[in-house]
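There are two complexes below, and they share subunit A, which is joined by subunit B in the first and by subunit C in the second.
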Partner chain A sequence: MAEAVLVGIERAEHFESIDQQREAASLGMWAWLLTELLLFSGLFLIALILRIQHPAAVTLATTHLKFWIGAANTAVLICSSFTMSGAIGLSRLGWQRGMVGCMLATATLGTLFLGLKGFEYYQDYAEHMMRFLGQPYALAADQATRLFIDVYFITTALHGLHLITGVSILLVLTVMAGRPNFLAQHQNRIEIYGLYWHFIDLIWIIVFPVLYVLNR
Partner chain B sequence: MTPEERRQLWQHMRTPVISLGLLMALLAINVILGATLPFHGVWMLEAAVVLCMVLVVLFLSMDVSHEAPLIRVFSMLGFFWVLILFTMTLTDYLAR
Partner chain C sequence: MSPSDAVMRDPGTARPTIDRPADYLHEEHTLRSWFFSTDHKRIGLLYLASITFFFVLGAIAACLVRLALIVPDGTIFSSDTYNKLFTMHGVIMIWFFLIPSIPATFGNFLLPLMIGAKDVAFPHLNLASFYIFITGALFTLITLVIGGVDTGWTFYAPFSTTFSNTYVIPALIGVIIVGFSSILTGLNFVVTIHKMRCPGMTWFRMPIFVWTLYATSLIFLLATPVITIALILLVMERAFGIGVFDPRLGGDPVLFEHLFWFYSHPAVYIMVLPGMGVITELVAAFSQKKVFGYRFVAYASIALASVTFLVWGHHMFVNGESQLAATVYSLLSFAVAVPSAVKVYNWTATIHKGSIHLDTPMLYAMGYIGLFVLGGLTGLFLATLAIDAHLHDTYFVVAHFHYIMVGGTMLAFLGGLHYWWPKFTGRMYPEAFGRVGAGLIFIGFNVTFFPQFILGYLGMPRRYHVYPPEFQLLNIMSSAGATILAAGYFFPMVYLIWSLWYGKKAPANPWNAKGLEWTTSSPPPTHNFLNTPLVDFEPYGYENKAPEIG
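Then we have the complex of A and B:
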């Protein structure tokens, strides 16, 4: 059933060995992911400080967040991480068709996440929570809630932007990965991209409790 | 699929399956805690669950433990830096 193809990496001339090339790619991706982590950490810290300084306002604001959509989205991203791991595992085995299927499943789950997030934003709009669009603000009586709601929109929009980028790159990579000889020359790309996808999952795993769950 | 292929597939998918199971179970715990708020100070338990989920993603999904030593040190230093950021800032705000 599974037709295995050759698996390997084509050495670029500026590397001494395949191992060096693999490590350099991995280290480069980790360096970038850590800068992203610092970016999101600032936002998490702001949310936590607001919880300390304005606990009543944050509790009031969180009653307007869609807890169950956030929970469903977390489950969707965890499943997408699993399918991405599947793509990596199958790429190591040289099972190209299965790998491409897993990558498409990952992109589909990422798109589902974005669809649910869009629906959540629509509900926020209907409930007059999008103050920045110029509409009357539903929690105008408690101005401190604005701070937390602003952090919520900035954090989720920034994460959504990363996911849109991730799905776009994944679709391009899927087209490339379906071509003959891809796994024989560029298997490493699937592994490196997998790090990015898992990182997007990791960030949401922190976003969900920090914004939706802690002391609701 | 031959038995040998099935064995190979399981060998490569065992860790992702374990990771999926653990993350779903931990998410279920946090969702139940968040929906029911069973006791005062439940946030401490919720934060501990999140920490476990982060470690599962790092060590099982992202496979940090199987990376080269330089990458292991680099990734751990990055998270350590974030820990310093959180500890110093929250110490200031909580002590006011």
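Then we have the complex of A and C:
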């Protein structure tokens, strides 16, 4: 087993107690996640309304999305959430090396997701789905199809942007977390970051059915 | 948590101000200590300086708009220039003045003081949020310098995405960035109110201003991301041709209006609610009376913040909304009047039989109540479907929202600024000048905007600068009022700055007001309270004594 490390957080000057600080940090992250959810919800709303108003056109459009890449990515992200939970659990136990390992595994899975997503975009490009790049457009030219495909690109790109940010922060955090005494001073940063990572995962778990799966 | 001393227990007793410890203003004087301060009080003042700058810019644009409207044939400015002027006025006043005005300045400064905390929950985030604001502001300033934008503050598609030949993208980026500043401020306030209250400060012992900040912060958190995504989609469409709103690209223009107003109607309450909180503080302090129906006023704030999310459709009554939807939105819009009226009746009942002191802040508060009633009631006209078909997009609408935004929020801002000025700066403002300024603003405001109700009713559309000659008299009246109003704004700017050096030194509690912020010295020490306060008293514990005679 690992050497016993004191696990906890250092109190910042303006807090009265450690508990207050801990609760404030996690409430802050939850509030941020709420705004992120609303950021995406506008896009989900557009996709769902399109599905209700133009079911046939949208169903046809979804057949051009790469279902299996999306499904594989869903599995990748669920695994990454699992490794992130591992990092949180190990941080509570004070096993710093195991925690850093889990965090690196999470970052690797996140990168794998981005790689697969990039490959999917490449296939979309090859199939002439990217009208905004000035390509000839290969799908049906009606409004609903075009809007749905545009919403697909915007939603997945915005999610990808969150993942790029997430992996970057995770790598910085991993470097910091490898330092001695990190767990004694800032253990809750791992938990707070974990909330964000799970949330990116959760957003994908909404994106995938809304865009790829429904009415397939 | 040491038990507090007698002074802390009774906020009415002023702390002696001689031999006080270094306060937050005098502790350090370097530029660094200001621009990288994480002290919520200094950040509040940084915001105050920046939004005042933007207010002046927006006001100059407004004066030019009023200048252009003196003649009916539109010869003073070209149509393009006129479009850019009113857009500049709207964008700057809404996003860079009104939305951050009370929450980011007074909220930052006062929220921790009012709930007995040393700072907001995330002081570094607070500073970051200020610099995000400044970044967004820079984009907007760059837009102005390179040539401006002519879409109106509403950025309606497809004009903004396809047809406008002005610098829409930098303007949009500026507004998107400022949105993140609002979100982070709101997040900070929500967490601060939940987690940083001092011992004994229960929810129902919080001042009403804190309640309204809470309601406002919820709107920041829930509504701002929706405008962020809507504007991102606009940028995508304009820059890359990813069609979401332009029908030629496969989009739907009414979709933009829905997404836009889902934020921008609640945004009205971002601007109004904190003002209501300020007015409640002023009315109680200058009537020396407990707030009438404290709980109802608190609940009304939350009710307004909730109902406001359900009425965005009333901006689209004439844009092809179904009759059923329009009727529902109309009814819900009427429902907004209920919590608003609760507030107005409670203010009036608070003043009733109080021992009223007509100092400058109270003059602003009285002005606010009157103008808010007028602005609110004309809102009901517009919520009525049949009347809206006649008044939609006319000067009636312009007058209505200026009565709420200027007559409401701006007066509350100025009233609060005078009320807390001693706390911010440690100096008193000159009372006589203050009263004259308040009078000028009230008169100037009404002369400017009342004729616009009539103009709108007679059919003058908004955003046009060429109009039939028979409207000229009312337009000249309105422009004349604008000069009085401008003079009125200029007044406090001069004497408040003067008072920084020459004003009387302020005692800790010049108004004999209740509330934890008045238990600290003026200006407060760096960490707000020497000992953590312990609250075992109800809010607004004014003794309801008979007015002194003679």
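One rule holds for everything that comes next: the second predicted complex is superposed on the first by the 211 of 216 C-alpha atoms of A that agree within 3 Å, B and C clash if a C-alpha of one lies under 4 Å from a C-alpha of the other, contacts with A are read in each partner's own complex, and residues count from 1 in each chain.
The rule is short, and it goes like this: a residue touches a chain if its C-beta (ideal position, glycine included) is under 8 Å from a C-beta of that chain, and two chains touch if they have at least 3 such contacts.
These numbers come from a predicted model, not from an experiment.
When the two complexes are overlaid on subunit A, subunit B and subunit C sit side by side with no clash. When the shared chain is aligned, subunit C comes close enough to touch A:Phe132, but subunit B does not. By the touch criterion defined above, A:Ile164 reaches neither subunit B nor subunit C.
Judged by the touch definition given at the top, the superposed model places A:Leu43 against subunit C, while subunit B stays out of reach. Touch criterion met: A:Asp150 reaches subunit C, while subunit B stays clear of it.
Of the two partner chains placed by the overlay, subunit B and subunit C both lie in contact with A:Leu34. In the superposed model, A:Glu13 lies in contact with subunit C only, and not with subunit B. When the two structures are aligned on the shared chain, A:Ile52 is found in touch with subunit B, with no touch to subunit C. Touch criterion met: A:Glu23 reaches subunit B and subunit C at once. In the superposed model, A:Thr74 lies in contact with subunit B only, and not with subunit C.
Put subunit B and subunit C next to each other and count what each touches on subunit A; the higher total goes to B. Closest approach of subunit B to subunit C, taken over C-alpha atoms in the A-based superposition, is 7 Å.
Residue overlap on subunit A between its contacts with subunit B in one complex and with subunit C in the other: 23, 27, 31, 34, 38, 41. The part of subunit A that touches subunit C in the complex is made up of residues 13-16, 20, 23-24, 27-28, 31-32, 34-36, 38-43, 46, 131-132, 142-147, 150-151, 153-154, 158.
Residues of subunit A touching subunit B in their complex: 1-2, 23, 26-27, 30-31, 33-34, 37-38, 41, 44-45, 48-49, 52-53, 67, 71, 74-75, 78-79, 81-82, 85-86, 89-90, 92-93, 195, 198-199, 201-202, 205-206, 208-209, 212-216.
On the side of subunit B, the complex with subunit A involves touching residues 1-2, 5, 8-9, 12-13, 15-17, 19-20, 23-24, 27, 30-31, 33-35, 37, 42-43, 46-47, 49-50, 53-54, 57-58, 61-62, 67-68, 70-71, 74-75, 78-79, 81-82, 85-86, 89-90, 93-94. For subunit C in complex with subunit A, the residues that touch the partner chain are 1, 117-119, 121-123, 125, 183, 186-188, 190-192, 194-196, 221-226, 228-230, 232-233, 236, 240-244, 247, 249-252, 255, 259, 262, 527, 532.
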